[in-house]
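Read the structure below first, then the notes.
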Amino acid sequence: MIYMAMATGFLLILIGFYGALTNRNLLRMIVAFTLANTGVNIVIVAIGYMHGRTAPILDAAVTASAAAARIIDPVPQALVLTAIVIGLGVTALMLAYAYKLYERKGTLDIAQYTDLKW
Amino acid sequence: MVNALYLIVAALTAAFLLGFLNPARRSAAYTITLLALTFMSCVSASWVWEFAVNNAAPVDIFTAGTEPPFAINLRMGLHEAALTLLVNLTGLLSALYLKDALFALGRRGMAVLLVAVMALCGIILTRDIFNLFVFFELAVISTAGLMLFSDDSRALAAGFKYLIVSQVLSVFFLIGIIFAYHATGTLNIDGMAEASLGMKTGGSIAFFMLFIAVVAELKPFPANGWALDIYESAHPAFAAIFSAATGAAAIYATDKLLLIGGAEWLPISTGIGIVTFLAANLLALPQTNDRRLLAYSSIAQTGLILAVLGQRDILGDSAPFIAGGLLFSHAIAKAGLYWLSGLIAGRELADWAILRSRPLLIFAFVTFIAMLSGLPPFPGFYAKWELVHMLAGEGRLALLAFILIGALIEAAYLFRWFGYIIKREQTDQTIACTPFQITPILAAVVGGWALGLVWGDLSASHFGQSNLLLALPLLFALSFLLLDWLPAWVKNTLAIAGMVAFFTLTYAEYDPLRLIFAIIFLIGGAIIFLASYDAHGRRIGFYPAAMLMYAGLTMLIRATDTFGFFAAWELLTLGSYFLILRGKRSEPHALSYVIFSLGGAFLILAGFALAAQGAPQFDLTSLSQLTQPLAPWVFLLLAIGFMTKTAAIGLHIWLPGAHSEAETDVSPMVSGILLKAGLFGLMVLLMSMGKQQLYGVELTHVLLWIGALSALLGNLMAIFEEDAKRLLAYSSIGQMGYALFGLALMNHLGWLMALMFVINHYIYKSMLFLSAGGVAKRTGTRDMYKMGGLITLMPLSFIATLIGIIAVSGVPPLSGFGGRWIFYNAILTTDYRLPMIIIFFAGPIAFLYLFRLIHTIFLGQLKDEHRKLKEAPFWIILPQMIFVALLMIFAMFPGLALRRVDTYLNQFFPEGGLSWAGNTITSSYGYWNPIAIMIIVCVIFGTLFAWLLFVNRRAQKVKQFNIVFSAERPFRPETTHYAWNFFAPYRKALGFLVQPFATRFWGTLTDLLHTTADLTRRLYDGNGQSYVFHLFAFIVVVYLMRIGV
Amino acid sequence: MIKRFITLLLLAGIGAIFASLLFTYVPDSELNRTADYYAGHTASDIGAANIVTAIIVTYRGLDTLGEVTVLFLASSIVGLVLSLGQKQHKTQRNRVAVGELLTTGSRFLAPLIMLLGVYVFVNGHLTPGGGFQGGAIIASGMLLLLLADPLRHFSHTLIATLESFSGLSYVALGVLGLFMAGGFLDNRILPTGTLGELISAGAIPLIYSLIGLKVGAEFSSMLASLSETEDLK
Amino acid sequence: MNILMTGMSAVLCIAMLGAALLAIRVKGDDSLPLSILAAGLVSLFASVLFLILAAPDVAMTEAAIGSGLTTFLFFFLLARIRGTAQTVDKNDGSALDGRDYD
Amino acid sequence: MQFDWMKIPYSLLTLFIVVNYGFLLGALIQKMGARAGRRYGIPIWQNYVDMLKNYSMRSSITHGAMFYLGPVFRLSGGVGLLLFVPTIYGSYMFSNLSFAGDLILALYFVFFGTLGMALGAGESGHPHAAIGITRGLSQVSTAELPFALAVFSVALQYQTLSVTDIVAAQQGGMMNWTLFTNPLAVAAAMLAFLGTMMRPPFDVVVAPQEIPIGPPTEYHSSYLAMMQTNRAIFPIAKIVIYMNLFFGGADSWPVFFFKVFLIYLWSAFVGVVFPRFRVEQSIRWFLIWAVPLGILSIVLV
């Protein structure tokens, strides 16, 4: 299952990249990147997963003393949380930029924003 | 000490505090921002002090009350302190600079700035890989945000492109982090390093991803189009941050990362770095937009530093010194230049000519480009020196060559730019700038010089070099920067006094050979300075440049080790470049001068480095102990390097323009004096290394050929020159060819002859240049065919020229003959006959151009428009008359100068010395009595002259014109003076020899570089997707390289 | 076509890199050193039942501070971007007719949603969820209100004050850790209490609440900026 | 249970990939909303997968932020752009769909 | 070899002999040329007549300092050249002032006169004079090259630069002359000799000055006389060098007269046979024919 999730994650990343490279619409590129980010998150979580263990939350079933043998690795989860939030921040920013660019030039085609070159 | 965490706390507190304020209260918000940044700078500064002065140990800062690797920790050491200081100061100064923009954007903008600086500090401080990622993302986002400060509407698109790229990078970063974590079980950088990530399953690829994500922030070629766009469109103050601070942080992050990757990643870093360095510098060549040019330069510098990081295996403990020197030079200079660019309205390089209205800003600019080019006395110079030495010591010669080539290209476009500033059309408007904009720039200047002092000190204490900024001649030269407000004559007096005083204080320290050079450089320089009294006003910029050149020359003869020698060489190059650039139309010539000179200097550097074999300090005399197979290569490099200065044929194309376009009193300085530096270098080289064979070819024999060809072709080209000063300049090529020939003979008399040429050439070329300059000043042209008949109007100039040409041509009884006599005696002892034949040919040819010089200017018919000319100004005539006297004295008593040298040379060439019995100078082949010759000639001449005068005692002076044309009007007035295309038959017969082959060769080379660059830069088509494309290509290529390794 | 081909080729290269990662991956059978430490020490040292929360708020608190800053930065910049050149912008806002149902419904639902958000972050150290999720939920409440009444003006001052207050308090709590406990962002400036209780785990609930507030405020600010772009004439 | 879970996650994964492909490959003038929705769907499936992978915190976050807020943001912006497009549209409608000109 | 005062009268004596010989020889050669062209030619004492006339006339015209300097430079060059070289081998009386310098001095002092001529002509102010000078200098510069090569070849051969020593080495029979020991050098030098004598076919140089109003027309009376004197001394001074270097020198005046005459005749002989060259032609001619010989002589010596 880990492999499957991880493979899905990687494929999502690749699909995202492919979308970002072949779609010239700014918004679609942003969509593609959110896909890639989701893929990354899946990969990270999949790495932390260990077969037959539970979520890293202590309760009656998982006591503090038994935790080491019962829970899965909490670190990747912590990282993913951060990554998701950062991803949102960047996405929001890109959206705002896209909007402003559209407002300036009236197009969402990235190939139209090549005033700076060479 | 203040906990380093407060760097982060302070920025965040300030950023959040801003939210409480009424958006309208901008000044309060601005004050808070500045206060926070000041506080941060102070914290960093105090740590720098603690580590640098008190030698404290690095401090680890734990968070969450838990020890690493279980919680995030930061580290504050000397490197972190210095880098955060750089970041914070850049932030603070940029905040000052950004005042208007910050007021316009309000508190949110200020918050973004604060967070940006905080994020960069975080990148530097943190020791946790995921924390590094978070700070990186902060930096990325704030970068995108700070793009909004720009007035340029394209900035938004640039920011967007950056976000696209950084999204891709963050994917790689995260994947890399999580797999690295999986492999090592920790997120701590030091922990990962200990666990040797590369050994674990998948660890190597995980590291590859991390590496890519961080290295991509260093804008490697070709995945750097986004960075260029950011630099170009961003507000200059932000571009300063992006270049100086972000760059520094990213480099340090890479450095930390390489800790994890270990040795196997070093070659890849080097590869990426050097390719980027070369490519970016090349691509900058055809650039005309100032900010984009700086962008390319930034990228190049970062690439160089990456390459240096990749050489850590051989640099060892010196790595921080070298990388730091390069980094700080780059950061300060780039920040300064970007700040400067904010003052310039136009975006073309030539628009910077407006800087001329503010000499202070020009000084700032010079400081910055000198720092970037790695010139002394800035940190980059010391760093470059050590780097090149260590590379050469370990035999990494290809890398060494690439670095030097890249650096040369960089210097080329930077100095070309400087040429634009000094020479291009200047619009009427002046620079409008607020104190808020000037302060950062001046701070950068001060910082640059201060760091020069620091690095000099480090270099002195760690590698035993000398701190250049403490060298008396240089200090004296620099003091003229402070005195530049004084009138020219005061400064001139000071300069002369200083040089003479220095000579009198130190003359006892030189051996006879050096003494001759010392006299020429210091006393000779002082004599030429007499002509500078002719200048009026303040003559801003002249004295610092001239004194810099003299300081370099003085330090050159005083140098005992290769470091001192090379530093002096660079200084004198720089000084003379500024001098040459002062000429009216000298822009392209000064540029080619500085490019050739720096190219030569790099060869010298490489030669010294190769010779030293890694030893940090190397005495010039130790050159003699080199053995095969190294020695001939060292010899070759050094010889070519020195020959760029003596303008040996093939490397000569800079000389005619540079010498002829220079100002009247500058031409003799750069011709009469500066050229001798190259000869001095050759002397030092040949004296210690002697004859060397390479692939069975005797290298001195090659020099002999070069000398002979220079003599012949230099003279030939002079014949066909219409421009008086160019003619003299070509003549210098020929004269230096003779001197080179003499040295390459490698016998006693050959050397003596070379020295004779050194002295003679100084005297007569200075005299002739002054004379020609004085005439040009009066007539307003340097084209000889536009003159004629000036003998009656400018008799003193005529006498100087007459004496000069007699001396140059070697006709007895003047001192040129002595040189020829020694020359013939010298060649009798050697077996190289063919080059001699060539040099024989050069002799009579010299006569042709010399005659042309005196005839077309002073003889023939006077032009109508010149009828009211006056003699050249007194101060220009005075040194000429001194030279006439000197020439006479030296002609009669050559022993004054040569006798001691002759004895001195015995220790190198025990055989073949001269005997100085009585007044006769005797060699083993012939003899010569200068005083007798002088007396005999004078008696014969005087008798005949007196007799003729007596016979024609009442001759009536007849107007030349009347008698020639019998009072008839000539058909066309311009046909009265035959001067244009003077040696037409010669051109018909031998003109094919002076086809501009060398010029064509170098021109083609330059064009080729430009075309390549112009085609390659189309890669950056401005499309964000293309940039992602490049990034992917870069990733795949690096991966393939990695597999290949 | 060629471009697409090269794209695929490049992506195949990247895919190959990923594939080699995937195929060399060997799942751990035991917790690694770091995870093991967290499993063993969280309960005793930090006192939080949700180990992820403990890591986020305490062990890797600096990351979280950075993360919050990312949001702060993003919302600031979004605000900046959208207000850029606003003065010249003359377009009329396209009014969307909003149904009565949505309006009333949202007025009723929004407070409930926000309450849920608060619940989520206050319980962050015990149950799944925490400041970020709670903050996001609060923001969706705001979103609902916005949808219901697109012309509604949020008090920017209020949002900004909230942002700043929560941010400053967060930093201040962190600094308190320097003085009163083991280091920056150490949660043990307050007693750790009993595992599993609401008031436990030291400063974690407090910090997580502040994070929740902060995140909620940032999201709301972003949404508000987006919604008001064209209203600022 | 494991087989069930594995099967479920397999279905999820396939669905995710399908939705993702839909998100980037869907064409047509008005395809952007569909694309955004598909991306949101991917996030939603991902959060379910996170639950299966014993990461409830992540699942909640992904659901709230990844599929919820992000999708909303997209739509919000799309609406703005459409609003702007109707008034300042210089590119007669095709501007919105700036894709696949090649 | 040191200076002593007796050298001065002795040198003047040499000068006197050479001047007279030069006058006669010049006229003789001219006459022979005329006869070869089936003309009668000038009387043998014609030079004396000219000289007396010119020296006794006074000019009342000057163009300025350089106008004086031309003839002075020129004659100084001729006299100096003669006096710096020993005339009669082995004779103290006629070793002249050769203590002052060796072969190199003589070689370079040749230019002194050339320079003076050029300067004087320049001061005449006529454009044609300048044209003549450029041509002359162009030609001389290439004509001197084979000579310099030959001289150097000889110096290499005898390993000395002292004229006396070179002559000494050639004593003891004709076969010891450089002419036979180093024929290539002599050949080169003799070709060069043609170019420097300003006689046909290499005399186009003087044409533009002569034909309209060049220096010889400007220089009349005593100016001209001085130049005529030089025209008698200078070729002979030059021939003395050739004689010393290549033809074993002269140990008595009769031998001296004979050898000088023969060498002079060589240039005259060629002059009547060949037509004039243009300057660039003569430059090429020297480079193609004379210079390779000189190079060979140096390489093979």
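List of remarks:
A, B, C, D and E are the chain letters, set down in written order, and residue numbers restart from 1 in every chain.
To be clear about the criterion, contacts are C-beta pairs under 8 Å (C-beta built on N, C-alpha and C of every residue); 3 or more make two chains touch, one makes a residue touch a chain.
Worth saying up front: this structure is predicted, and the values here are computed from it rather than measured.
Looking at chain A and chain B, the chains in contact with each of them are C. Counting only chains that touch, the fewest steps needed to get from chain A to chain C is 1.
In the assembly without chain B, touching between the remaining chains defines the groups A, C, D | E.
Counting C-beta pairs in contact across B-C and across C-D gives the higher total for B-C.
The most distant chain from chain D is E, comparing centres defined as mean Cα coordinates.
Comparing per-chain C-alpha centres with the mean over every protein C-alpha atom, the closest match is chain B. Comparing the CA-atom centres of all chains against that of chain A, the greatest distance is found for E. Remark: chain C and chain D have CA centroids separated by 20 Å (rounded to whole angstrom).
Chain centres here are Cα averages; for chain A and chain D they lie 12 Å apart.
Computed from the mean C-alpha positions, the centre of chain B lies at a distance of 57 Å from the centre of chain D.
If each chain is reduced to the centroid of its CA atoms, chain B and chain E end up 53 Å from each other.
Taken residue by residue, chain B touches two or more other chains at 130, 134, 137, 141, 144-145, 156, 175, 179, 181-182, 187, 1029, 1032, whereas all remaining positions touch fewer. Within chain E, not a single residue touches two or more of the remaining chains. Counting partner chains per residue, chain A has residues 7, 13, 16-18, 21-22, 24, 26, 37, 47, 49, 55, 57, 75, 77, 81-82, 84-90, 92-93, 96-100, 103, 110-111 touching two or more of them. Contacting chain pairs (ordered by label): A-B, A-C, A-D, B-C, B-E, C-D. The residues of chain C lying in touch with chain B in their complex are 6-7, 10-11, 13-14, 17-18, 20-21, 24-26, 28, 32-35, 37-38, 41, 45, 58-63, 65-67, 69-70, 72-74, 76-77, 79-81, 84, 160-161, 163-165, 167-168, 171, 174-175, 177-178, 181-188. Residues 789, 791-792, 795, 802, 806, 809-812, 817, 820-821, 824-825, 827-828, 833-834, 836-837, 840-841, 843-845, 847-848, 851-852, 854-856, 859-861, 918, 920, 923, 925-929, 932-933, 936-937, 940-941, 944-945, 948-949, 951-952, 954-958, 960-961, 963-964, 975-979, 982-986, 988-990 of chain B touch chain E in their complex. Partner chain B is touched in their complex by these residues of chain E: 1-3, 58-66, 68-69, 71-73, 75-76, 79-80, 83-84, 97, 99-105, 108-109, 111-112, 114-115, 118-119, 122-128, 130-131, 133-135, 137-142, 144-145, 148-149, 152, 155-156, 159-162, 213, 218, 221-223, 226, 278-280, 283-284, 287, 294-295, 298-299. Residue ranges on chain C touching chain D, taken from their complex, read 3, 50, 52-53, 91-94, 96, 120, 128-130, 132-133, 136-137, 139-140, 143, 219, 222-223, 226-227, 229-230. By the touch criterion given at the top, residues 2-3, 6-7, 10, 13-14, 17-18, 21-22, 47, 49-51, 55-59, 64, 67-68, 71, 73-75, 77-78, 81-82, 84-86, 88-90, 92-93, 96-97, 99-100, 103 of chain A touch chain C in their complex.
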